[in-house]
Every structure is written in C-alpha cells, then in structure tokens.
Amino acid sequence: MKKIEAIIQPFKMEPVKEALKAIGIDGMTLTEVRGHGRQKGHKEVYRGQEYNVDLLPKMKIELVVSDARLEEVLRTLTTAARTGKIGDGKIFVYDVAEAIRIRNDDRGEAAL
Amino acid sequence: MDTGFLCNPEKEIGMKFFTLLMFSSAAMAQAPQSVDAKLAALDAAVKSAQSAGDNAWMLTSAALVLLMTGPGLALFYGGLVRRKNVLGTMMQSFILMAVITVLWAIVGYSLVFAEGSPFLGDLRYAFLRGVGIAPNPDYAATIPQQTYMVYQLMFAIITPALISGAFAERMKFSAMLLFTVLWALIVYFPMAHMVWGKGGLLNAALGGKIPTFDFAGGTVVHITSGVSALVCALYLGKRLGYPHEPMKPHSVVLSVIGACLLWFGWFGFNAGSALGASGLATSAFVATHFGAAAAALGWTFVEWIRSGKPSVLGAISGCVAGLVAITPASGFVQPFPALLIGFMAGVICYFMVTLVKHRFGYDDSLDAFGVHGAGGTVGAILTGVFATNLINDGFKDSAGKVMALGWVDGNGAQVVNQLIGSAIAWVLAIVGTLVILKICDALVGLRIDKDAEIQGMDVSLHGEEGYFFET
Amino acid sequence: MDTGFLCNPEKEIGMKFFTLLMFSSAAMAQAPQSVDAKLAALDAAVKSAQSAGDNAWMLTSAALVLLMTGPGLALFYGGLVRRKNVLGTMMQSFILMAVITVLWAIVGYSLVFAEGSPFLGDLRYAFLRGVGIAPNPDYAATIPQQTYMVYQLMFAIITPALISGAFAERMKFSAMLLFTVLWALIVYFPMAHMVWGKGGLLNAALGGKIPTFDFAGGTVVHITSGVSALVCALYLGKRLGYPHEPMKPHSVVLSVIGACLLWFGWFGFNAGSALGASGLATSAFVATHFGAAAAALGWTFVEWIRSGKPSVLGAISGCVAGLVAITPASGFVQPFPALLIGFMAGVICYFMVTLVKHRFGYDDSLDAFGVHGAGGTVGAILTGVFATNLINDGFKDSAGKVMALGWVDGNGAQVVNQLIGSAIAWVLAIVGTLVILKICDALVGLRIDKDAEIQGMDVSLHGEEGYFFET
Amino acid sequence: MDTGFLCNPEKEIGMKFFTLLMFSSAAMAQAPQSVDAKLAALDAAVKSAQSAGDNAWMLTSAALVLLMTGPGLALFYGGLVRRKNVLGTMMQSFILMAVITVLWAIVGYSLVFAEGSPFLGDLRYAFLRGVGIAPNPDYAATIPQQTYMVYQLMFAIITPALISGAFAERMKFSAMLLFTVLWALIVYFPMAHMVWGKGGLLNAALGGKIPTFDFAGGTVVHITSGVSALVCALYLGKRLGYPHEPMKPHSVVLSVIGACLLWFGWFGFNAGSALGASGLATSAFVATHFGAAAAALGWTFVEWIRSGKPSVLGAISGCVAGLVAITPASGFVQPFPALLIGFMAGVICYFMVTLVKHRFGYDDSLDAFGVHGAGGTVGAILTGVFATNLINDGFKDSAGKVMALGWVDGNGAQVVNQLIGSAIAWVLAIVGTLVILKICDALVGLRIDKDAEIQGMDVSLHGEEGYFFET
Amino acid sequence: MKKIEAIIQPFKMEPVKEALKAIGIDGMTLTEVRGHGRQKGHKEVYRGQEYNVDLLPKMKIELVVSDARLEEVLRTLTTAARTGKIGDGKIFVYDVAEAIRIRNDDRGEAAL
Amino acid sequence: MKKIEAIIQPFKMEPVKEALKAIGIDGMTLTEVRGHGRQKGHKEVYRGQEYNVDLLPKMKIELVVSDARLEEVLRTLTTAARTGKIGDGKIFVYDVAEAIRIRNDDRGEAAL
C-alpha cells in the first residue's frame, strides 16, 4: 500500500474530489495547511508597514491506496489539480507498513 | 423647592399625571380658583415636561457612552490584538466599567464637580452626599443631578480605558488596575475639574481664568489619555518581537463592530454634552457625524494613494480619529467646518500611525496616542479657529451681548487659550503618568514576564482562551 | 376625553404643532378669546409635551429590552456553549422574540394586565381589544397604552429565554417551543399579574393583599426563570460527558459582547420601569449601574482570591448577577445600598455556580439558576431591607402620608412580604415547570437523541454550522 | 421668529431654564406683570418642552438608523459571505456611512426636500444653506430642521448599502463607490423627493398628484434598492462556481447579530418616521415589531415544512423580510394587520429566495432582491389595503374631515395608487441602475478579475484578512 | 520505530488519550482533519438548495513508537476508538527512519 | 528523498523559517497541531472546576529534501528551534517513495 500526500490549491479541492470519486476512490483525509515554496505570497500593509505574507493556504489530501491503483490515482490527481501556474503544489508518496479499519480490525488492503 | 416639581410628583408612577390633572382640570372647572393658581400649576407642569424631554435624552446618552467602552472599545481594541490576548484586552475595558464607578461614587464626582480650587474640587459631594434628584443649576438645570452625575461617570470610565491601547498585550492585570485608579485621581479628575468644574482654571462657562472651549472632552478625555498612552508605551517598552513580527489584528471584523458602536455611542458623548434635547444637541449630533464621515474618507484616500489599497482598518481608524477631533468642537462649529476638522484629523492621524510612530520606534500598540493624542490636540486647536456663536450663543458678556467665540468670529485670541489648555493637558498627562508608572512599577511591577507574554494574557493572566473551537 | 390630547393632535405629523400654534398664537393675538380658553389650550399643550418626553424614553426603553434578548442574551449564551451548538442556542433566544410577541397580542397582555382575579387577568384586552393610543392611567398615565403594552411584551420575551441556559445543548427545538408557550401561560402570566396586574395578589400599588416590592421583575422575571431553569436541568439530566469533560465556552468573546449589551439594555429594563423620564427613572438608572459594577468586582475579587486568576467570564457573570439582584430594588434604593446589593449578589452567585452546583451535581449548563434564581432571590429579599421612601415616595397611606417602605425606613415587616412573594414565585415555578415538562415529554419528547447531541444542535436540528471558515 | 423659542434659550446649557424661571417665577411673583405676558412666557416654555421630547426621540432614532447600516447590515451581509470576503463586504456598508454623508450635505438634502419639480428638489438647500436649528414646519414643526436633515441622511446611507447584497464577493471597490454616488443622485434622490419631498409627484401629505402612502420607505428604500440589486446581479453575472459550489455563510453567528441590530434599529427607522415621540410613533413601533415577529415565524414554519429543518438563517431572513414589508405600512395599520403583512412577507420572500431565484438562475448573492425588492413591493401594496384613519387621522379633506385611507377604510382606489407608486419605483430603479452600471463599467470596470475573486476581496482589494488566528 | 497515524471520531479523542496514558504512552500529536469515506455525511439546505456535506470532522492522532510496543499500542487504540459504526476511522502505520528530540539532540528511540 | 517532520513551538516558527531560507530551503508545508508529551500543560479553571489543559499548540513543519541535504537541514532545524526547555518538540524522518510537481509532472528530486 502507498500513501499519497498531495498539497494542492484550496480552490482545486472540489474538482479533485470529484475526479477521485469518478475513479472510485472514496477514502481520503483532508487537512488545511499553509505552504511555502516558489510561489511568492501577497503583500500586506499594516499601519503603513509593508510585509510579505509568504505562507499561503493550501489543502493537503492524504489517501492510502493499493500499489496497483497508485499510478492511476496519481494521474487523476495531477490532472485535476493542475492550473499550470506556480503554486499548484506537490504530491509525495510513501510506503505504508500497515492499515487497519478501526470498526472491524480489517487489516491491509481490505481496510482501505 | 424650585425642584420640588421634580422630586415629588414625578416619584410615583402615574402620580405626576394626577397632579397635573388636579391642577389643570382645576384650571378649567373650579370657577373660584384664581388665575394665578392656575398659572402656577401650569408653570410646574411645564417644567416637569421640559425635564422629561431633556432627561429622556440624557439617560439615553449616558447609556450610549457606557456602550462606547463596553462593548465598543473592548471590541475595537480586542480585534486589533493577537488572538492570545483578546480577552485580556477586552477585560481592560470591561473592568473599568466597574472600578471607576465605585471610585466615582466615593470621591470622583466631588473632586471634579464640587467647587474648590481652580485645580480640584473639594469633597462636599463625597459619597454622593447631596447628589439627588434635584437639578444642579450650575451644570444642568433641567435634569436630576444624579442624571448628570451618572452621565459624567461614563466619561471617567472610557478615558482611562483608551490608554490601554498603548500597553496592550504586555501589562499585568494588577498593575493595570492600580495604574488606572491612580491615573483617574491624579490626572483625570484634576483635568476634568479645570475644564468643566465650577471655578475650574479653564472653565469657559463658570468663571475660569483661561476660558477654553472643550465641549465634550478634547483636552479632558483625548489629550490626557492619548498623551498618557505615549508615556506608557515608552516606559513599558516594546512587545517581544516588535516591530520585526507584524502583530497584525486577529480580527478586524471585531474592530469594525467596535468602531461602529463607538460612532453610535459618540452621539451620546457629544450631543449628550448639550445636557438636554435642545437645538444645541442637534448641532453637536450633526457635527459629530460629519466629522466622523470626513475623517474616514480622509484616512481612506490618503492610504489608498500611498499604499495602493484602502484598508478597512484604515477606514475605521479614520472615523475614530474624526470623532476624537470633533469632540471638543462639536457644540461650537457648523457642519462644513466639522467636515474639514474631521478630514484633517483623518489625514494627520494616518501619518502619525504610519510615519511618525515608525520613525520614533515606540510601540503604541493600538495607536492610542496616534489617534487620541494627535486627534485630540488637532481638535482642541481647531475648536479655537472654528467656534462660532452662530451655533452656540450661550456665552454673553457683562452687557448680555453674545460674545465672539473663535477665530471665525474674529476672536483669534481664543486659539491661544486653546493652545494653553492643550499644553496644560499634555504636561499634566506626561508628569502624572510618569509618576504613576514609577509607583506601580515599584509596588507590583508593570510587565508580565516573557513566558506569559509568549503564552498570551488570556491564558497566563485570566486562565481562559478567547476561542475554543475544538469541541 | 382625558386622553383626547394624545389621540388627535398627535396623530398627524406636524399637526400637533399647528394645534398648539392655533391655540397659543390665539393666546396672544385674538384679544376677545377668554383667559380660560387660553389656559385650556396650554393645559392640553403641556400634557402633549409631558407625554412626548415620557414616550421618548419608554419607546427607547422598549427597544433596549428587546436588545437584551437579541443579540444580548443570544450572544451571552451562544458564547458559553460549544461551537457545535452556538446557532441552536442563539435560536432559542431569537425565536422567542417572534413566538411570545404573537402570544402576547392574543392573550398575554390581557391575562397579565386586565383586572380579574388576584391570580390572573381576564380577557377584556384579548387581541389587544381597546388597547390603543389612549393611556391606561392605572399603569402609566402619560404614555399611550400601546407603548406600555409593547414595553411589557419585551419582558415576557426575555424571561423564558433566560431559562434556555439550563437545558442548553440538549433540548429539542420543537419541545423548546412548546415548553415556552406553556410556561408563559402557566407560570409567567399569572406571576406577572399577581405582582404588576391591577388587583394582583402581591401588587403594592394597585390593591394587592400582600404588597410586595418588585420594581422591574426580581420575582416575576428572575426567580421564575431561574427556578424553572433548575427544574429543567434536573428533569432533563446532564449533557453527555458532563461533568467529566470541561465543556468550556467556545467563545468568551461573544459572551463579553452579550454581557455588555445586557448591561446596556438593562437601563431600559429598570429605568424604563419608572414608565417615564422622571427622577425615579434616574434613580433606577443609577442603582442599576452601581449594582452591576459592584457585582462584577465582587465576583472578580472572590474568584481571584480562590482560584488565583480573575477570569473575564467571572467578571461578566458577576455584572449579570448584580443586574439581576438590583432589578427588584432599582426603583427603591439609594446608590450605596445598590452597590452593596450588587456586591453581595456577585459573591453569592460565584459560590452558587462554583460550589453549590458541583456539590449537588446538577447540570445547570449556563448557570441560569445560579445567577438568575439565586441573584433574583437575594435581590427580592434585600429590596425589603433597603427600600426607602427617600427614593420612592409614591406610596401613601389613606391620610396621604408617605409610607415607610423597607427595613431602613423602619418597616421590617416588608422583608416578610418579600419572602412570601419570593416563596410564591418559587412554588409556582417549580410546580408549573414540572407539569409543563411532563406534558412536553409526553407530547414531543424533550431531549435530542445521543447522536444528535454528539453532532451538535446546529447541524442536527437546524442543518447549519455556526462557522464555516474553509472557503 | 416662530422658532426663536428653539434657537435662543435652548442654546446655552441651563440658559433655557433660567428663561423659563424668569418668565414663570415672574408669572408668580411680580404682581404688576400682565396675565397675557405670563401666558406668552408659558407658551414659549411649553413649545420648548414639546420640542425637547420630540427631539430626544428623533436624535435617538437617527442614531438607531445609522446603527442599522453599521454594524447592523455590515454584520448581516458580512456573515453571509465566504470568509475571504468578510471585510470587503462590511466595507461596502461602512464606507457609505462616510461617502453619502458628504454627498447629502452638498446636494442630497436639497435635491430631496427642497421644493422644485414633482420629480426633484431644487438647490436652495445646497451646502445646507438655511438648514439650521429652526424647524421646517412643512416636514416637522417641533424639531430642529438639522435633526430632520441628519435623520433623513441615515436613510440615504442604508438604501444603497442594501444593494451591495446583490453584487457581493465580486465587485471592484472603486466601481462600487462610483456606482453608489451615481445611484444616489439618479435613483434615490428623485424617488425620495417624489414620495416625501414637498410637491413631490407621489407625496400624500404635501400636494402630490398621485398620493401614495409610504410611511418609512417601502418604495423609496426597499423597492428601489431591491430592484436595483436584481439588475446588478443580472448585469454582473454569477460568482465563479455559482451555483455549483454551495457558497454558504461563513458565520451565521455574525448574521444573527446583524439581524437583531437591524430589528432594533428599525424602531428608529419606522417609529422615528412619526418625527416626534407621539402616539403615531407608538403605533409604528408596535406595527414594526409585530411585522418582524410574524415574518420570522412565517419563514421558519414554511421552511420547516418544506425542508425538514428550521434554519436560523431562515428565521433571521424572515424577520428582515417582515421589517421590510411593514416599513411603508407602519404608520397606517393596526397591530393585527401588521402581523398579517409580516407573515405574508415571510412566506413570500422564502419562496423568492428558494424557488424563484433558482428557477431564473440569477446570483442575487445575499438575496437583496428576494427580500427587499419582493418584501418592499408586497408591503407597498398591502399598505393600500390596510391603511386606516383609526391609526393615522392626519389626512383631512378640504372640509377638514378625516379621510378614508386604505381599502379597509373603504378607499379601494388607494391600492391602485400604491401600485402606481411601486411601478414608478421599479421603472426608475431598472432604468437608472442599468444606465449607471454601463457608465461604471466603461469608466472603471465592474468586476474584479478571476484571480482576485478566487483570492477574495479582503486580500486582493484591501490587503487584509478578516481573521488571523495563527499567532 | 513506527509511526502510527490514526484517524478517529473527534468525540473518541478523550477516551483514546486516557487509554494511551494508561499504557504509558505520553507523546502524541493531534490534528483536526476532515475525512471522506464510506460514512455518508449529513444533508445541509442553504436557501432551499440541498447538498450533501461529505467531509466530516475527524481527529488525526500521530504517535511514533518503538517497534516493540507497536502491536500493544494498536490494540489499545482500536479498542478505545471503536464504536462499531461506519466512520470509526482508520489506522495507518509507517516506518520511521529517524527521530530526534530537539531539546537535546537525543536520537532514535531515546528521543520518544 | 526524505521527509522531515518537525513539531516545534509555534513561537519558534519565524526563526526556523528564516534559518531554512538561509540555507536555501524554500519548500515547506506547515500545519497547526496540538501536542502532548512530557511538557505538562497549563491549568484552567472553569466555573470553579480546575482541569489541566495537556494539549498544547505546536507547529508541524513538513519538508521533503534530498538525502544529500538531510543532515544539514536537521542541524539547522534543531539549532533554530531549540530553547533547551521541555516542549521544544521532535523531529521525525521518513523515506519518500516519490515526489511529483503537479504543475509540470516533474518527478523525484527535480520536483522539490
């Protein structure tokens, strides 16, 4: 099993969710995060002092999938999340040692 | 006896009416009764009616001025601090609604409004002795003296609360309480007596040596609090991380609500200072609204030009600056000069909090000095320029002739008086505040420790959090 | 006819003025017109003027009392619950502004203020029949009866809303609506009639058997709601997880705003109960403010001493406790006794919600009983101690001599009456509420189910969330 | 001269009282003084007293109407938008408190209330020339004209602010400012003159050709703003993602506060329109409250039935709909018709924003048209049905006989006039708004660009965030 | 060392914390997340338009434990977090390459 | 590639960001979390009842770096985040199987 961790633009969340539903991927966990990278933030002025807000709101999507579906899911994700502009975000993939469904102790891929 | 008409018949619900009825139906029916008796009855009745109208407005105004402190100022300041300090900041306003009230009842009212020296009242009214329903004609002849007392109390509450904007996010609660009580005693009460108290040094209506015009508190409220705020900011030093970290408002939304409530309450503050629902109250109401509006525009436009974006924080700060500046002038100036005073205040205060503050590097955290100190001084001086007897013809010379008020009336000298009055307020505020800070520092210590400041006042001082959204 | 002066000339904008003008310029010009005619004209004019002043204050007061429920109480309670219940809690206050209004128009006003038995009014005013612009001299001779009607309506709205603090976070919306309507009919209307209705059992001004002093609603509003709250808390049982989980306020910030608006609105509640802008209104205004201030200090200090930190929640709870306790006394006591009553209420209520509640283990979720039940009872009794004819000389004996009111006037017996009045309120509240709860339980069921409670009322009952910050 | 009684004695604090005193003690003491002199003195005194009572209420009302815009409407709308637009939305209300004030002082008041054509006033009052303390008997004979001026100003502020609900979350700040100024000049001022200005086409009291009843602004305020809102929504197009994405309110909590403040302020809006603290003010106050209550229930029940859950958003939207609908009727109808009007408005507006809006697919983002356009039209028409001279007997025929007002009085023709008045408001709003939008679009462009819309107005237009909870 | 990542019902957080304390597990990091899975969300109606809220509030618990304690901790977690209803959540396990205690640079299991 | 997951004191976020910038590390993702560990929380009193708040606000910094830079980044992080007091926090390191830049499908270290 692999864990896919995608950091995307918040306004891309809906389309991504739809795209994943479309290929039968239900299970996912989302976290509001703030990101820092190539994309420069916006300038804010407070009491005449200007400073750069370089932490931008991003949405983190975590989903654990079977190795078999990995590439398919990655493709779906990238296409759905892409605008082509800097700031689109990243996807990181990790190995998962074990998965358990709390409800009934299912383990491994059965738990997904 | 003059005031019997206020004490007795008014006391019982409905009672009053039967009195009138008795008198007046008398005035019709009972043939025998003399015309003079009827006239006397009507005379009593008309005074009761006049008092009802004026008292209705003054009770409303007193409530409005309290609303300015809580939740008005509490929200305005509370929104400007970081999340971890929101409750501690609101508390600094709220608790004064309680503390100053007790202090006022014991000695405050007397020290300000009792006759005494030109600098302070005596203790004849201590514990509100003799302060009852009967009006005090020296100050307000058509409303109960207790209405006047409680109305003025609301001013004594908000003034020290304004200072808290300067030492926000870093002062001990105990130190803040001690500071406030001493500040009221040493700075506010004397200043208020000088300007508004009978025989006060600067009192323009009741025999002051240096008549200064301050309709609703430019010198008494805003210069004293604003200048004291600067002293506090300098004495306490900067917040950890200032100015490197932005420390921007945690909720401008709260501050907008606060600013709107301040604007709303300020009608009680200024128009209420007419002490009745008179035409003068109307003039002050209009001047207040115009001053606030023009200042909001002034700040907004200059900020728009200079930094490219008109911030909401700017617009609301502007309206407050305008309200501050128009306060001393509100009962003396016409609508268009009010617009001008407001506009100037908006622009000047913008530069105070953006350029001047950063130039000198003091941490006037919520700009109590930049807005109240600067705006109050601007307003006090411009009052001398624009005050006119077309609006306020209450000042008469020995011959009973209406006097020229400000420069526009041809009395340029008044500007000098306004400068003197402002200077006295500045000096008293600086010296008094310094002394008080030294005392508090020695007795309880002024600043919370580093860890507490990092953790925030809410948790470290009050054991609470402003927002708890988890469950 | 008595009231013609109110109906006719007042109706048209400006009209009134021309009337006066006609009369009075008459009074000058037309030589022939008789002096008596002129006096009659002035007499009508002065009554119109008196009514304008009193009506101005009473309309303002009515609006202020509505403001206490929404947003005042809605915010105070809404901030104290967990995030998931904020809307459901605010709704319990808001919807009563609508429901009780209709009920009041149909039968409420009549059941309370129509003459009838000592326990309940008859239906002569049902559907507001005959309740027009003409004053009702039994209650308020200088204002339109409709002003009195709508002012009293605002009291009927907030009283049941106060109870919602006890069953917060777990009651069905339908059950809450049913409960409220029945509670108004069975508990509030009778109690209000007994104390304030003409011929009511406890009415001190209009021929009650057991004259009890309750100026603005200590027994009628706070004891009834507070005691009923306790019954509800016991009957409904605890919230899931109470007391193991803290269940602390999700936003003390909202509660501070609410408390300040309650304080502000309470001026209308108490000073408005003078039913005119009279000196009595001023006394009540001052007592109200002093009571709130002293109570905030009382609670804060005892909490500071006992738990090491003065919480903001404590300060605002204290001011509410003081406002509750001063309510029955506000039109009868002098400023310093008001401070004392407030201070005692602050301290006592602190112990009620910290010690007593935990000792007995009931889940009075937002302390409706601890503050309103306890504070109301304390206030009702202390009113008997401190009531004085120096403040309220409206009560005369047959000989027309001003009567001694409370213990301080030498009339210790009054304390007994106050105890009887309070006891009646307690009993009525306990019995009535129990009956009503049984009915509601049988008809619709009181509590939301476990899952709904875990999910929160906002989503489960109203299909909304209080805050949605994601997009 | 008529008004001397207002200008002089009132001007100085206390002065007034001495005048009376002089006159009246005269009236007692100085035997020689003639009875007529005494009567004259009393006559002046009673006018002063009448004015105090009425002015107290009108100043309070003016403040209340300002409160409706800020923070009332700012919160109601601010809570309904997404978090990223909360400040930009509040700013659209707040800045109008400043902009319209200046415009009103320069030409607005004159264009509306100066005599001129049936469609627009002339410039005699430009720069408030001649608008002083003396009353203007054409409009309000017992209060300073400046009170009337500033009271009416508050209406001119909130009306354009209402429109912002339709173009929320997507309009440029610069475009919004330009739009508003032009809209006030081209739509509001003419419409207000036609209905309320002396000689206005629809003025029912001061010689209009087509007498239309609009007590507090059903046509002038709500139809104009609501219909213009629809035009804006259609012209600007939908928000990105609408209706696919829910775009639900980011904080119904703020909206509840806003709705309650609107309800509270509306008492000033409607009861203040009696222009004095008269019995008519009381009727309007009661009608207003009843209309709001019934509408909240109407919306809640129909929503409960149709969608299974009564939302808090529905309840508050309902009360606003009721307040809108009762506005034109408030000074003409009895309490129970007021309940009926409110209830109908609540139900109708519910269907407007749930069915009609989705059927036609326009993005009236915060339902400015669905509530104000629809509710205002319903109210304007029903006013013709339920207006009765039992409430408002101010309209007399040449013979001085009180005229029949609405259908219930047997004057069915009035309904036609109401339809004509409403139609004129609709047409003026549609045409005027279209023209203005074209102009603004050409000059500055109406919509923010896509990225700015995604980022939100707060950051992109104002360089701020509504909430910053991180530190 | 293993990292345990448990996504549970928010109202199960307290019991889970207690249970872990009971077996001597102190160190943990919690994050508020929203999850999507088999559990269907609730319906919301806004202005008459009904839509399904399918992102439900969940609590994510992360704890790094020594391989030795892994199974014990997993057992404790599942039992404490289980209601048996859909939506109970999942547990994912990952390998940890290194752990460092910032305070004193302790590394490996010593850092936990 | 390795993923560094650092849980630090919130008020250390600025210095840490600066330090990372200084060594040319731009890309990072931040999450507000609450932590539980050796550091005992503060006491809160609500209505006279005292209880311990043992979940303290922490900031989680996630950054994916090439194996080559790992040690350097760890050193920078620990030094910048350290106060020496309990509660400074932890750093955990994980293997990353894959990284993708959504914008242009760059993979591996090229995506960082």
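Each chain gets a letter, A, B, C, D, E and F, in the order it is written, and its residues are counted from 1.
We take it that a residue touches a chain if its C-beta (ideal position, glycine included) is under 8 Å from a C-beta of that chain, and two chains touch if they have at least 3 such contacts.
Predicted model, so just to flag it, every value in this text is computed and none were measured.
The interface of B-F is repeated, with over half of its contact pairs matching by residue number, by C-E among D-E, C-E or C-F.
For the interfaces C-F and C-E, the C-beta contact count is higher for C-F. For the touching copies chain B and chain C, the fraction of interface residue numbers used by both falls below half; the interface is of the different-residue type. Taking each chain's centre as the average of its CA atoms, chain A and chain F sit 18 Å apart. Computed from the mean C-alpha positions, the centre of chain A lies at a distance of 54 Å from the centre of chain B. With centres defined as mean CA coordinates, chain C is found 54 Å away from chain A. Between chain B and chain D, the centres computed from C-alpha atoms are 30 Å apart. Within chain C, the positions touching two or more other chains are listed as 35, 39, 42, 46, 49-50, 52-54, 56-57, 60, 245, 248-249, 257, 277, 307-309, 311, 313, 463-465, 467, 470-471. Residue positions of chain F touching 2 or more other chains: 31-32, 44-45, 94-95. Only residues 2, 35-36, 39-40, 42-43, 46-47, 49-50, 52-54, 56-57, 60, 64, 82-84, 137-142, 205, 245, 247-253, 256-257, 259-261, 263-264, 267-268, 271, 274-283, 285-286, 289-290, 292-294, 296-297, 300, 307-313, 315-316, 319, 335-336, 339, 391-395, 467 of chain D touch chain C when the two sit together in their complex.
Residues 2, 6-8, 31-38, 55, 58, 60, 74, 77-78, 81-95 of chain E are the ones touching chain A in the complex. Of all the residues in chain F, the ones that touch chain A in their complex are 3, 17, 26-31, 64, 94-105, 111-112.
In the complex of the two chains, the chain C residues touching chain F come out as 243, 246, 248-249, 306-309, 311, 313, 350, 353-355, 357-358, 367. Contact residues of chain F toward chain B in the complex are 11, 14, 42-45.
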